[in-house]
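So, here's a batch of structures to check.
Both complexes shown next keep subunit A, but they swap its partner, so subunit B is in the first and subunit C is in the second.
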Partner chain A sequence: MLDKIMKTDLFAWIDRRTDAGAIIKSQLTEYPAPKNLNYMWNFGSLALLVLVLQILTGIFLVMYYKPSAEATFGGFTVAFDSVERIMRDVNFGWLIRYMHAVGASMFFVVVYMHIGRGMYYGSFKAPRELLWIIGVVILLIMQGAAFFGYLLPWGQMSFWGATVITNLFGAIPVLGEYIGQILVGGFAVGDPTLNRFFSLHYLFPLLLAAIVGGHIHALHVVHSNNPEGIDLHKPEETIPFHPYYTLKDAFGVAFFLLFYCYIVFFNPQMGGYFIEVDNYVPANNLQTPAHIAPVWYLTPWYTILRSFESKLLGVAAMGGSLAILFVLPFLCKSAVRSARYRPVYKIMVIMFFIDVIVLGYCGHSAPTATLKVVGQIATAYYFLFFFALPLLPKFEKTKPVPEGI
Partner chain B sequence: MKMTKFVMAAVAAMVMGFSSQAVASGGGAALEHANIDVTDQEQIRRGLTVFTDVCMGCHSAKYITYRGLMAYPEIGLTREQVDELRGEKSLMSGMISDLAIEDAVVSYGKAPPDLSLIVPGRRGGADYVYSLLTGYEHDPEGKVPDGSWNKVFPGNRIGMPDPLSWLDHDAGETDELKQQAEDVAAFLAFIGDPHQNTRRAIGCWVMGFLLLLTLVLWRLKVEVWKDIKH
Partner chain C sequence: MTDQANQSRRNFLYVAAGGLGAVAAGATVVPFIGSMLPAADTLAASKTEFDVSTVEAGQLVTIQWQGKPVFVVHRTPELLKQVDGHDDKLKDANSEAIAEVQQEWMDTPEKRKYRAIKPEYLIVVASCTHLGCIPLFKPSEGRKEWGDSVPDDWAGGWHCPCHGSYYDISARVLNGSPAPHNLHVMPYQYKSDTTVVIG
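So, the complex of A and B:
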């Protein structure tokens, strides 16, 4: 089909002015992709799909949403009312809003899988360090965008979640209090906070779209890693991206949509994990919910924060736990990429994945003495994993890697 | 393909995490299951009657308009029935209690929460509403006056006086009161998300289409890839 389009007069006209044919060749029909990529390589295209869905649904939500914390009848606010209006009175507003709310969580599901794949198969190693670093920037912006977005319905968890997180900045010496006030737009979370978070919630996805472009560009310079983690030299080891991977990605998209649509249509709150129960209660600055927890995708970092008695240490550790991802390519010095040929790293990285799930569980649950200790041990392992990486090549006996695929 | 195994294990672990973390209701007893059906017009209408006769004495449901009582097929009242219910109020008005919130605060010490979102807004949802309405008991320690002690309410001490007169009711009334509590729980579950039945109905078609699409794309992928040895 693509060939037919490329032979039309219209395409020839465009091609003479944009060189579109050469771009399609170099990026799709003749772009070399390793032939042995497994289904873990589908999550990148899925992340792009969810980003597009989030932006599209978001644009329509903004047509009806009103960012105002002005009180309305019955303890509600203009913002909360406008969300309920979308859910009840706007034609298919419920669909668009649930797609957006579920999409936020699914975005993190696919991105965490994508990051996990990169760590397991050593995709962050040379020559892909910058590709990985751009990816970490994307993760941070995503977390910011999700955090800003969660304030918008102005429910109890919106309000108290934002209060807890913005208060953290107070722990930073000297400038902390000032930064907190700039972010909140006053001395406590209120109408100015809602307005600036709304503005930032629109800005961050635009940044995401641009930086994702950079991520893909960087990928297309250094090309994909593969499950064996080896450099490919022979032409028969690669296949053109189109039609092979466009079709495989299309199949992955349909498979993903099965899960996504099941949640959207049959279980949009996901038992309080995707939309928290307390967020159906309008924000009330006089009544703290019994248990404040961020949405599941931020809970691992929340546990790291809570694992320290000193607020400053907690904030530093939480910031450090994300910042350390930037230097992962330089901490991991082994010449072998894939965990398939690194027996010790393989155990360490699988334990790291379980560790992050444990951290998430601890952060989501109401704090108990046991969970606190579990969270502290998990936090310790989180950092230990990264600090042990530079020493690993000294004693790890890697298996011989194959010559080709 | 060892990664596949690991992914499956991780997914299993997450699912287990999801299910084992279910509900923890603050102060009270375990919730009883409410037998509700949000597609049952009869039950929702009976629940509406309980709502207007009992709950609306103090509570409002501001996101449900009188027009909505006609427009949602799950309720489907006629114009005459709605006119009788609304009295002087506008068709576009929400179902607002005649008791002013300030007066309720004076009488009961707390503003009665709006009930539009009470089911999605409480852990346990409709079960919570049902268990709360049938949860009035004598304080085992004898400190809290009758009608202010509820076994499922967080902290047990509740501002809302026993709305269905559950405490010390005659044994013969138990079934009827339970039915009323279930009916109003069904009504509140419906208005918490009034498009939920449409959503599920459309969802079945969407899932059917996606199953077919997945199947077709899978066979297409296999066909195109059949000469690639890897």
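So, the complex of A and C:
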């Protein structure tokens, strides 16, 4: 179909003015993709899909949402009531809000799979270091956007989550209090905080869209890694992205939408994991809920924070656990990329994935003495994994990699 | 010769223009960051008046000051006794670590211990100094009422539900808590025998 469109007069007219044909050729129909990509390579396009869904549903939600912590006659607040109005009175409001709330969690599901893929097959290694670093920036902006968005319904979890996270910055020496005030706009989380978080929640996806463009551009310069983790030299090792991978991605999209729609329509709160029950209680600045935990996608880092008794150390470790992702390409010195040919790394990286799940579980549960120790061990392994990487090539005997695919 | 003179002159102009541009860009940032700081009406030193006689003996009331929660506790003689005997378990028994945990009127060891102008009424900022949650009031000694949520030698005080910090009945933080400091004491004074002005 694409080639038929490209033969029309209209396309020719556009092509003379934009060079669209050359772009389509170099980026799609003649863009070389390894012929052996497995389904783990579907998550990039899925992430793009969810980003588009989030921006789209977000724009429609803003037509009804009101960012104000002012009290209403009902005894709640303007923001809380406007969200309830979207759920009850606005036509299809329930659907659009659930798509947005579920989409936020699914965005992280997809992106965490995408990151895991990159770590397992060594996609972060040369020459794709900058591609990986741009990806880490995307992850941080996503986490920021999710955090800002979570305040908007102005429920108990919104309020106390924001209180805890903005207080984190107080641990930074000298500038801490100043940064906290800039974030909150007052002495405690309140109306000014809600307004600026709303503004930033709108800004961050725009940043995301731009940086995702950079991520894709960087990918198209260095080209995709593959499950074998080897460089491809022969033309017969690659196939054009379109139609082969556009179709495979479309199949992945259909499969993804099956899950997404199930959750949106039948289980939007996902047992309190996607939307926490406490957030249906309006924000009350005089009462902290008995147990506060961030949404599941932030809980691994929350556990790292909780594993330290000193506030400053906890905050530094949490920041460090994210910052260390930036230098992963430079910590990993092995000449072999894929875990398929790195027996020790394979065990280490699978343990790392389990470790992050354990961290997430600990952060989601109420703090007990046992879980605290489990969390501390998991935190230790998280860092150990990264610090062991530079030493690994000294004793790891890698398997021979194939010549080609 | 003239060429060279022109070149260095040109370099100077580049640096000067670029430098001034950078200074101007930096100056432009000031109002934008400044706009994010608390607005004048938020800053306006708001004071809160409260009648402490409305708090029953042994009761805790949470009131608001500058949008922050504040605890007012009416400590009975029994509760006041629970302040003693565990100084070795406290991070900062005399409230000396930072300015926010002390006030000028804390001029005697007695007042540093009770952390109140009138020992029976403890008035402190209700935000845990770890990450700002409101600690739960668990005044009675031992685990009888509180179960595993408190240590077995619990002397009464507060337990923060978020990350498990403990404070004694004078809101002084216990060793082993993630919170770095005692609960803050804000400026306040008694206008009459029972009316307190906070702020």
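Everything that follows uses one rule, which is that the second predicted complex is superposed on the first by the 403 of 405 C-alpha atoms of A that agree within 3 Å, B and C clash if a C-alpha of one lies under 4 Å from a C-alpha of the other, contacts with A are read in each partner's own complex, and residues count from 1 in each chain.
Keep in mind that, in the parts below, a residue touches a chain if its C-beta (ideal position, glycine included) is under 8 Å from a C-beta of that chain, and two chains touch if they have at least 3 such contacts.
Given the structure is predicted, the values throughout are model-derived calculations rather than measurements.
More residues of subunit A are in touch with B than with the other of subunit B and subunit C. Of the two partner chains, neither subunit B nor subunit C is touched by A:G135.
By the touch criterion stated above, A:P367 is placed in contact with subunit C alone, subunit B being left untouched.
Touch criterion not met for A:G103: it reaches neither subunit B nor subunit C. Of the two partner chains placed by superposition, only subunit B is touched by A:A254; subunit C is not. When the two structures are aligned on the shared chain, A:A290 is found in touch with subunit B and with subunit C.
Once the two complexes are overlaid on the shared chain, A:A188 sits against subunit C while remaining clear of subunit B.
In the overlay built on the shared chain, the residue A:I405 is in contact with subunit B alone; subunit C does not reach it.
When both complexes are aligned on chain A by C-alpha atoms, subunit A residues 290 touch subunit B in the first and subunit C in the second. Within the complex formed with subunit B, the residues of subunit A that make contact are 35-36, 38-40, 73-76, 84, 87-88, 94-95, 98, 113, 117, 120, 227, 239, 243-244, 247-248, 250-251, 254-255, 257-258, 261-262, 264-266, 269-273, 277-278, 280-281, 290, 340, 350, 353-354, 357, 361, 364-366, 405.
Note for the complex: subunit B touches subunit A at residues 1-4, 6-7, 10, 13-14, 17-18, 21-22, 24, 26, 60, 62-63, 68, 94, 96, 101, 111, 113-114, 116-117, 120-123, 154, 192-195, 199-200, 202-203, 206-207, 210-211, 213-214, 217-218, 220-221, 224-225, 228, 230. Taken together, the subunit C residues at the contact with subunit A in this complex read 33, 36-39, 42, 62, 64, 66-69, 126-127, 130-134, 136, 148, 161-164, 176-180. Of all residues in subunit A, those touching subunit C in their complex are 160, 163-168, 181-183, 185-188, 190, 192, 196, 285-292, 306, 308-312, 314, 367-368.
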